[in-house]
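After this come two complexes, each holding chain A, first together with chain B and then together with chain C.
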Partner chain A sequence: MTTELLSYSIIPLLAALAIPFFGRRSFKLTEILSNVTLLAGLGNLMFIIFNPSNKLHNYETFSFDGFTILMLFTIYLVALSIVFFSTFFKVGDFNKNAFYPLIMISVSAMSSMVLSVDFFSLYIFMEALAVTSFALIACEEKKSGIEAAIKYLLLTFPASALILIGLAIMLFANGSLYFDISMQNASPAVFSALAFIVLGFAIKAGLFPFHFWTPDAYQGAPATVSAYLAGIVTKVSGMYAIIKICTLLKVMGPASFKISSPLMLIGVATLIFGSIAALAQKDFKRMLAFSSISQMGYIVAGAATLNPIGILGAILHLFNHATFKTSLFLNSAAIEKSAGTTNMKKLSGLEKNMPVTSWTSVIAIFSTAGLPPLSGFWSKLLIILALWVAAPKPYAILALIFSIVTLAYFMLLQKNVFFGKPKEELKEVKEASVYMLIPVIVMCLIIVVSGIFFPFVFEFFEKTL
Partner chain B sequence: MTINLIAVLLPFICALLIILISDKTKYLKELLSIGVLLTSFIAAALGLAYSSGGIQTSLNLEWLGEISALALKADILSSFLLAAISMFSLAVAIYSFSIDKKGSSKWFYFNILMTQSLASGAVLSDSLLTMLFFWEGMLVFLYTFIALSSDSHEAKNTALKAFLINGATDLLMMVGIIITASLSGTFNMSAISNSKLTLIGWGTAGYTLLLIGAVSKAGAFPFHTWIPDAALNSSASFMSYVPAAIDKLLGIYFLARISIYLYQLSSSMQIVLMALGSITIIVAVMMAFVQQDYKKLLSYHAVSQTGYMILGIGTLNPIGIAGGLFHMINHATYKSCLFMTAGSVERQTGTSNIEKLGGLFNKMPVTAVCFVIAAAAISGIAPLNGFFSKELIYKGTLETGYVWFFVAAELGSFLTLASFLKLGHSVFFGKTPSYLENTKEAPFSTLFPMIAFAAICLAFGFGAYWPIENLIKPSISQIGVNTASELTGFHLDYLFAISIAVILLAIGNHLLGFHLAGNKASKASDHIHHAPLLSWLYDIAEKKFFDIYEMGMRFVKYSAGWIFSIDRFFDKITDDIPSGAFNLTSEKISAIHNGSYSLYMAISLIGAIIYLILAGGLK
Partner chain C sequence: MTLTSTFSLDWLFAALIIFIGAYCMVLTRNLIKQLIGLEIISKGVMIAIISSGAMSGNTNLAQAIIITVILVEAVIVATGLALLVKGYRLNENIDVKKLDNLRG
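Up next is the complex of A and B:
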């Protein structure tokens, strides 16, 4: 593991151990401790990223790549948003004493995954992350939560098995699981091992046709947990590994396409399938879930081009997806709390009562659909460009067309939920509290700022990747 | 040149000023406009005197760079037209002073001033582009003139009709101007006239398009259909100004310019022009004969008389051209006068339906006398001005050898007189209906222009020598027509005998019709109206079947229907079918996500197997 950044995985773990003890005395302390831990981590990361001296030295002092640091940043950012939001989000019999430690453990697991340099530790921490995720989904004592947790467990456990098989084959083939060593030898055994591993992670990431658990799990889980899962957990547990493997594949030379071309096919199929399925959804959260699947398709397709532009696009889209999907899920949570439902047939005209929620949704939606100058535009542009250059042309065209479909279903959502005439029973709905709006507003600011100042973002990754 | 420019610029400035004046002020707008138009008229008359004296002035301003200069030139023809236009503007402005049925008086005078300014600019232009600028500008004010003359919805419709007909033909004229300019290499009319264009190849197209613009402005068949509508839906003031005077002056002026000054016409084009003139005469006068509305009847005559002018110019011989131009100014005078009598009768009695009128001679003697003089003039009764100009046109027509056109013109003359006998008889003679017992004569401001025009009709008749020798002859000799033969003078020849015969026939016909209709003067045309075949033709004509505008609108309606269905078809292909397919697929996919664990697992496993086969197969 990259020891230099190890504190990012150890400190949340320690916090997770400490929280239950504080929680006995005062619940407030629990909340403060989790927020402070994550805020401190985020502050440190921002210091590393934005430190002017780094730029001055052309990032030569970095001993880790920009991908790792961006993933850590994303993990901490989303986790902090969720925790901060949950602090002011009081609904139902939600077991918060379990929630905060579990979040801390999953942050620690994700950071460790990102810092791993071998397949085995990647696998171990992925399993740890999966366990905390089951627990998080079930943290609200409702039937749907338990069902979603079991479905998640059962549908993703084959992934673990497949990955283990792949690891075993790889270990037999060249005796090492380190990323850099294990890939050098392009023997059939290594290929089959990689095929199994990629398949396992594809299931974890919820790619078509292994996506079935995602809509049910997101819809069944408590609102904040589904934001957390969609925003970061499934991305790190599945997608991070796939992108990592794609970055490593280039050492294998031309033979690498044997892994990448089925992956690209899966990616394009996923983005098409997710978009089409999202069109007919009647539930806010379920539509977001399918949109999430579709965006995963873009990321995989971009990464599987093995083209530097495509991989950069995939990495950036992963980050952008975290920002806009978290905002949308948090907005759905706010609506669920205020209006009592996320069924789009029962909602309408909320714009008047919840203006901030409405307009942050618009920004997030535009970023998802890839409208300039928001950040989602740049990452999608890079992905489509890479597909045009390094993949069959129809893939690029399909990716372009379905980005319009993305806009279509999100416009439907915006129209049904926020615009139009308010219903009689929704007249009394109130805007979410200011504190609940802060994380969303921050996310939207990041979307806008990183979109407008994209040249700087691009320069950062050009130097560090 | 400065003195000519007064007639262009002063009304324009005054029109802008009028907008600023409040609607509440009494007489200020009227008096200001009349003053300005009087000044313009005096300036134009002085300009005409200078031009006749041999001083030809011109003005060239930098405009549109290399393409064309803003060229104005006051030769005798232009000065003559300018003076005539200014005179009619002044007369109508005075006439409208106490006419209430003309819409908002602010906008009425604004429109008069604008039309005066633009029409003056158009006749002074020496460059085709400059002329087009003024000409197209008038189109806007034609629309506002009709649309603002009444609050009714029909007025707006008629305004649109006039605008579309003239807009379309102006567009064609614009193309004609471009062709003409590209053939000759310049927009300048004086330069083009130095080496006249011939009707070969593109020249024919260019001339035909210019011809369409000119005769449409003059209101010839088949571009006349908005004029009878405007007679019903707009004011008598407008009718006596634009369709009766300004449009005729401009259209025939431009027709003369293009047919003689710019192009060297061929004998086949001569037949086209003469046929167009004859058809216009016959068709319009036939329609006029059966009308039951004072103004509508006059409006068809305004069209019919255009035919004489086109026929005259179309003869291409000096006598015919002189007759055409003389008829242009004569027609403007008496037709303006006739529309003014219509407006005056309408103002005093409240109606213009001739069935409801009668015996007004004693009640409105001045109006009646003016009517009789103008009606005699239009019917070509010697020795009024209409007689002399028609005489010239007949002579010119006979000189070409095409007797049929002469016969058509004489037939037109016969019906003209017959319809004016009917009109005059039913309005001013006969029994006075009881509800008209208290009718009084119109005020002086209304009578004055009428009297002046009637006086001109007499003066240009008895003293036809003066206008022909001093205005018409120099004008046409300046555009390259040299007259060898005698144009003036009263000749007791066979033409005079024919005209007497026509007059007697018309009177006989009227008496016959009057008797057949049971002594009702307004029905004196019924024996022709309801004659076999003719009655059928009249029926479909009344339904506007031959109206070029209605034809166009019918075509637009059908083609719009077709285009709409084609559009729907493509919409279905590009929109309905894909989105329907998407929605269907989407719903089917949603249905698969039914929460069944075993189904999910099965699909995942199948997917895994396919993936592994794919990954293995590629090795």
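Up next is the complex of A and C:
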């Protein structure tokens, strides 16, 4: 563990222990406590990242890499917006005394996962994260939530078994489970261990042949929980480890392409499949889930190039995906609350009544599709450049084409839900409350600002990665 | 690195147990039996870990890992059984094939 950042995983855990006791007095206290904990963590992280003296010294005082600090920042940002949103999102009958501690424990598990330096602690915290996710998905008294949680359990447990087999092989081939394995002369057994581990995390991340649980879990979960899952949980529990292993493979010489080239194929297949399946969906949340699968494809394809530019693109796309997918899922939650459904056939013309929701969706959609001034453009550009340089040329061309398909299905969504004539029964729909709009607007500001000031972001990663 | 005969036997045994668990999961429609299949798979994995620890002379590390894995597994199985009970209360059956309400 990187010990100096350990407080980011311990303090949420303590808050999770404290919340149920305060919750007996009043719900208000639990809400305030969870918001304040996450806000304090986020403020601390922002102080580390934006401190001018660090920039002055070329980030030489950093004992951790930029990837870790960015992932911590993303975890706290998404968790804070979800918690803030659900403070004002009073739908469903779930127990808030259970909901907030579960979010806190999963923040703690994710931070520990990001800070861990060996495969075994990565596995342990991934399991802790999985358990809290089952509970979060099923925290509403509804059939769909239970069904989604059981599917998530049954389809991701084999992933843990695969990861453990990988650990067993790693143990006898390498002798230790630390990340800094003697990479220069790694034996074939080490590669097979890494292949098992990557396969396990690919199931956890919901990549193409193993994606069955993802749309069901996102659709069945309560609205805010599905934003949390799609925004950060499945990304950290699956994708973080894959990118980490790709950074390890980078220094292992030409033999590592035996793992990375199938991984790249999986990535490209995922982005193609996700886009095509998203075109056919009728439900808002389910379309977002398939779009999320497709964006995971971009990230894996970028990381599997084992090229510094591709890995940087994958890391940035992970961050950008967290911002735009969280804002889209939170918008779908606001629509579910106001209009009562997320079925796209029953929705139309909400733009007149919900203008802010509509325009924040437009910004998030443009960033997902990769339109120039926004942050999604830069990360996608880096990924496609890396694919062009370090992969077969058709991969880069396919990635480019399916970025246009992304725009196509999202325009379909925007047209069905927000544009056009409002139906009779939707005339009375009201805009979400100001407090529910704040997280979405903040996310959109981050998308725009980090897109416009991209050279600074790039400089930060150039120096710290 | 040459594989000793007991080591390869251990791994054959582990693979057999994992296969039995997977077979159990594929064959049955009962959710509890599926959970039992998952348990059998993870037992096979544990045998793999302990035998590779013994193989590389790293038994202490392997034992520590096994104990932690047992703990993790108990937590997961408890959560899974809780989900099954909650699902049984709401759906009144534990059939995997009936879990098909979520469609786009």
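The rule we apply is simple: the second predicted complex is superposed on the first by the 461 of 465 C-alpha atoms of A that agree within 3 Å, B and C clash if a C-alpha of one lies under 4 Å from a C-alpha of the other, contacts with A are read in each partner's own complex, and residues count from 1 in each chain.
As a working rule, a residue touches a chain if its C-beta (ideal position, glycine included) is under 8 Å from a C-beta of that chain, and two chains touch if they have at least 3 such contacts.
Computed from a predicted model, the values in this text were never measured in an experiment.
Once the two complexes are aligned on chain A, which partner has more residues of chain A within touching range, chain B or chain C?
On the superposition, C touches more of the residues of chain A.
Have a look at where A:120 lands relative to chain B and chain C in the superposition and call it first, second, both or neither.
second
Once chain A of both complexes is superposed, is A:281 in touch with chain B (first), chain C (second), both, or neither?
A:281 contacts both chain B and chain C.
Could you say whether A:266 touches chain B, chain C, both of them, or neither, answering first, second, both or neither?
first
One more residue to check, A:317. First (chain B), second (chain C), both or neither?
neither
Let me test your reading of the model: by the given contact rule, A:199 touches which partner, first (chain B), second (chain C), both or neither?
After superposing on A, A:199 lies in contact with chain B but is clear of chain C.
Considering only the touch criterion stated at the top, classify A:158 as touching first (chain B), second (chain C), both, or neither.
Both partners, chain B and chain C.
Thinking of the overlay built on chain A, is A:143 touched by chain B (first), by chain C (second), by both, or by neither?
Second partner only.
Touch test for A:216: chain B only (first), chain C only (second), both, or neither?
In the superposition, A:216 contacts both chain B and chain C.
A:258 in the overlay: touching chain B, chain C, both, or neither? Say first, second, both or neither.
A:258 contacts chain B only, not chain C.
Intersection of chain A residues contacting chain B with those contacting chain C?
Shared contact residues on chain A: 151, 154, 158, 215-216, 280-281.
For the complex, which residues does chain A have touching chain B?
151, 154-155, 158, 162, 188, 191-192, 195-196, 198-199, 202-203, 208-210, 212-213, 215-216, 257-259, 261-262, 265-266, 273, 276-281, 405
Flag every residue of chain C that touches chain A in the complex, lowest number first.
1, 18, 22, 25, 31, 34, 38, 41-42, 45-46, 48-49, 51-53, 55-56, 58, 61-62, 65, 68-69, 72, 75-76, 79-80, 83-84, 86-87, 90-91, 96, 99, 101-102, 104
How about chain B: which of its residues touch chain A in the complex?
582-583, 585-587, 589-590, 593, 595, 597, 599-601, 603-608, 611-612, 614-616, 618-619
Where on chain A does chain C make contact in their complex?
120, 124, 127-128, 130-131, 134-135, 138, 141-144, 146-151, 153-154, 157-158, 160-161, 164-165, 167-169, 171-173, 175-177, 187, 189, 215-216, 219-220, 280-283, 286-287
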